[in-house]
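The same chain A turns up in both complexes below, where it pairs with chain B and then with chain C.
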Partner chain A sequence: MLFKILTKDGFEQLVDGILESNEVIGPKRVATGANGKPIHQYLPVTSFGELDLDYETTEFPAKTYFLPYRETLSTFHFDEADWTQEIRYRIQPRAIVGLHACDINGLLKLDKVFGRDAFPSPYYLSRRRNTLVVGIDHMPCEGGFCQSVDAHVVSHGFDLFLTDLGDRYFVSIGSDRGFDLVGKVENREVSEDDTHAYLAVRRRISDAFKTHVRTQNLPTLLDLEFDSPVWKRWGDKCLSCGSCAMACPTCYCYGVNEEVSMDFTVGTKVKQLHSCNLVDFAMVAGDHNFRPSRESRLKYRYYHQHRGFAEAYDEPKCVGCNRCGRVCLAGINPPEVIADLHEEDRA
Partner chain B sequence: MRYLGIEPIRPRVGVFSFTCCEGCVLQLANKEETLGPFLEAIQVVNFREISTEKGADYEIALVEGSISRDDEVERLRQIRDQAKVLVALGTCAVFGGVNRLKDVFSPQEANRIVYGDQSRETAPIRAVHEVVPVDLSIPGCPISKVELERIVQHVALDLPWQFPEYPVCVECKQRFTVCMFDKGQLCLGPLTRAGCDAPCPAGGLGCWGCRGPAADPNHAEFDALVARRGFSRAQVQDRLSFFGGFPTEGSEEKP
Partner chain C sequence: MSTELHRYDITQESDFLQPRDFNRKTLLQHVDQVFRAQITNIIDLTSEEKLFHVRLVKDHQRERFTFLPGQFVMLEVPGYGEIPISISSAPTNKGYLELCIRKVGRVTSVLHKARRGALVGIRGPFGTSFPMEKMRDHSVLLIAGGLGLAPLRAPIFHVTENRTNYDQVHIIYGTRTPDQLLFDYQYEQWRRINGVNLSIIVEQPDEAWTGEVGLITKLIDDLDFDPANTYAIVCGPPVMFKFVCNQLSTKGVPMHRMFVSLERRMHCGMGKCCRCNIGSTYTCVDGPVFDYWSVMNLKEAI
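Up next, the complex of A and B:
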């Protein structure tokens, strides 16, 4: 990894440079919540000033720019005698500026699923490879427990990663194109003072986490607690609304529907992100549903996050952003659910 | 137009309105970009908003509106006798709709408020299924034309189709709508069947539940979460009873 120092003005020039030729997505303030806190979303911006880089978290994850909620997989054109298939991958370059470490870790997990498994997804890879990722350090968000799942730091998966040193950014460079971008604006080498200041900021962030989740041995604990009353207690609260999965930066389950134009000349296969908490997620032929209860659906969401994914990829799927906990109207959140499981273990 | 070598069925359709605003059948004539092919896919034999045809040889009857007079009952029974398939179209036909709010008053009182001394015949509001058997209920105030197109395709070519089982929240999330509860507003989205593409929250109005309940709605938790956010029982009951799609306190039966 290479490191450079950019002034704040230098970074603004860098973003302006990207804006000249490409779409830029970043945290924008979209509303004020009833609790008085600003609500942010990752949205396209037309100028640097629209970015609010000091945001705490966003309502929706950045995954939607890589795994859209709805995506056309292929289009079929029919005529009387024949048909043709058309597949389009999104290749227009784009930049996402201002992702926190947890969200970049989320992309790294999606990379493992869609980029490296036996059947890499060209839909995902074309978006991922053509998206420049600029991350930024931030103090822990309220309820965030990314430290507990080692997602509060990130060492790759981005092009540039900024750490705010007050009047300047300490920039970690993660790719050639990131290096080229920094070279286009005024920059300087890292001094010993910069390194000390950077490490002090990193320490301050690490020391500031208030929410912790005991993840040690969690896959085994989940196996032991398969029949725990904890699942019914929290499952009874579940609204089966799927908001947790929609807000999750790594939930990727989906369904595929076929749609036909009203004149019956064009058919499309449309992928739509789904959620294991929705009633019909596990509905199969003959109207058989092998996850009929709220309790079983909620349990298997936790199992995928902290057990199934861990077995497949040696790490939990969860990045500790607590978006699912924040979005859940019923107040179901990983820190409390997992703490309950540990309690159950002791009881 | 054949599709995958199969000739579609073009069902003969009659469209009939009862007590309502006629907004649902107007939806049939909306979405101009596909209106031509839509009207090619069916044979309209009786539809007073778009056609002078007054045919009686329809196979499918699309019935909108609730039933509020004796002559409506008689007319509806005749339609039921003729149609092979009777479809309740829209929230009024399916649940009774906003018209049910009339029943808060006695027929005499309602008459006096609306017509003064020009009293008219009126009876307690009934949904279509409360008068004759219904083969398919398509809720919505108004119905979604996109959804209706899918249903017509299902009839014409047996293309797969089903109502979403899940609640409106999914569609709000998928169009990046800020949650109404985060803004401090009441919303029935967590209880209500999706399929509308959540236009009301996107426009800043919490869901009023026109499509009725999603599969297995969690009323107990919903009651708890709205109470935690400071909404009164009366506010919530008022909202739940608005379209008649949800069981409410004091209601005798589930719709």
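Up next, the complex of A and C:
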């Protein structure tokens, strides 16, 4: 990896340059929460000033720019008994500025599912490759446990990654496209002092985590505790609203539906993000439901995060942002649920 | 300073220029583009099931299309939806696919109203298949309950077309009532094949029924075969294959030599939507065909 130093003005110029002819998405302050803290969301900005790079976290992840909540997969044009199918991928470039390490790790996990393996998705890949990703380091957010799942650092999956050294940014360069951008504004080589300062910041961040989740042996524990009463305890609280999956940077399950226009000339096949907590997730014809209880669905979500994905890719799907815990009206959150499982283990 | 970000057009990737082929899973291709296909024939089987002959319209696509017994396709009815359906024909039949469809909901009802000549879409083939090569030189039990005969037909065709490759062949089929029996016009044909044993049983006979009465397990009880030299394919509802496989297991057939086909809700067929997951397993790519030992090890499978 190559590293450079940018002044803060230099970085502003860099973003302004992109803004002139492209869409830029970034953390924007949108409201104040009940606890007095500002609420941020990743939204399009029109000037550098609208970005609040000092944000703690966002309510929803940037997932929507890669896996939109609703996306047209294809369009059927009807002509009497005949039809043609039209498929389009989004190819307009854009930049997302200010993603934290956990969210970039989230993208890397989505890359594994949608970019590799069986049947790479052109819908996803086209969006991903047309998106410039600029990340930034930050102190742990409240309740975040990304360190426990190794998602508090990231070494690829971005174009540029900034670490704030007070009056300047330490920039990790992750792609040629990022390298070219840095070259367009005033920059300098990294000095020994810069490296020390950078490592000090990284250490300070690492030492600041307060929320920890025990993840050693979690896949096996989950298998052992498949019938644990813990699932019923938490499952009984679950409202089956699906908010946790919407707030999760790595939840990608979806459903496909087709709609026909009023004049019967066009049919659209639409993909819509779903959630395994929703009651119809595993429902099939004849009203049979493979996961009829709230408990079985909640459990399934945890299994996918910490066991199923781990089995396929040797790492959990969860990046520890705790957005699902924050958004849940029933107070269901991974640190407590997983701690409970470990308790059960000892009981 | 203005920076125009590069526009990347994924369809210009060299992968995209290759012909679409769902057997090549790692190919970057239009994964949602269907093969245009025409319903060339509709055969009434029972009051609930019809058999559709579906022919890919483009010659080169039809010629390229290959599948293995046990695989399924996603059948698209534009404007209504897309559903997973097992391929119910012989892999050697290059002219058309046979799809046996029970009317249960939205898409299947539209299909049941479709006329000959209607254009549908096909994506696939998807999923795992029955390991017909491994079964070579062994006896095979081909067992189906109810609609399970639909996915079982492809292996039946394979075995009967390659009869010398297999030792004893038993086809065992059961339904609740006689009027639910599928493909009754084919029984005579199968029976006449030298060395193929067909037995049929119904749970609730009507006045006209003269055959066996009872559960399918009864036929297996009476069956004379060498468990150490036998493979089994069992297609049907979970309760049925569970009973049958446990019975075969008691008789000494190893669990890794019994194969079943699982059904789950499916919205992509490509290991993406997660709707078909059983624990961490994607029924669409890791299945639908599993050996029984794997099924026993899948949490929430049966």
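Please note the rule applied: the second predicted complex is superposed on the first by the 346 of 347 C-alpha atoms of A that agree within 3 Å, B and C clash if a C-alpha of one lies under 4 Å from a C-alpha of the other, contacts with A are read in each partner's own complex, and residues count from 1 in each chain.
Note that a residue touches a chain if its C-beta (ideal position, glycine included) is under 8 Å from a C-beta of that chain, and two chains touch if they have at least 3 such contacts.
The structure displayed is predicted, hence computed values, not measured ones.
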- Message: Per the contact definition in the header, classify A:Val284: touching chain B only (first), chain C only (second), both, or neither.
- Response: second
- Query: Should A:Phe78 be classified as contacting the first partner (chain B), the second (chain C), both, or neither?
  - Reply: both
- Which partner, once the models are overlaid, touches more of chain A's residues, chain C or chain B? C
- Task: Give one of first, second, both or neither to describe whether A:Ala330 is in contact with chain B, with chain C, with both, or with none.
- Result: first
- Looking at the overlay, does A:Glu258 come into contact with chain B only (first), chain C only (second), both, or neither? both
- Touching A:Asn22 in the superposition: chain B (first), chain C (second), both, neither? second
- Counting only touches as set out at the top, which of chain B and chain C does A:Asn217 meet: first, second, both, neither? neither
- Message: Is A:Ala31 touching anything from chain B or chain C once the two structures are fitted on A? First, second, both or neither.
- Response: first
- Message: One more residue to check, A:Ser240. First (chain B), second (chain C), both or neither?
- Response: first
- Query: Which chain A residues contact chain B in one complex and chain C in the other?
  - Reply: 78, 258-260, 264, 283
- Query: Which bits of chain A are touching chain B when the two form their complex?
  - Reply: 30-31, 33-34, 39, 41, 59-60, 64, 69-70, 78, 80, 236-243, 246-247, 258-265, 272-273, 275, 278-280, 283, 294, 327, 329-331
- Note on the structure: Given the complex, residues on chain A that touch chain C span 13-14, 16-18, 20-22, 73-74, 76, 78, 81-83, 85, 87, 89, 91-95, 113-114, 117-123, 125-126, 129-130, 132, 177, 181, 184-185, 223, 226, 252-260, 264, 267, 269, 274, 276, 281-286, 290-291, 296, 300, 303-304, 307-309, 311-312
- Item | chain B to chain A touching residues, read off their complex | 1-4, 8, 34, 36-38, 40-41, 149-150, 153, 157, 159-160, 164-167, 169-170, 173-174, 176, 178-179, 181-184, 189-190, 214-216, 218, 220-222, 224-225
- For chain C, which residues count as touching chain A in their complex? 1-11, 16, 22, 25-26, 28-34, 78-82, 104-105, 108, 117-119, 121, 263-265, 267-268, 270-275, 277-281, 285, 299-300
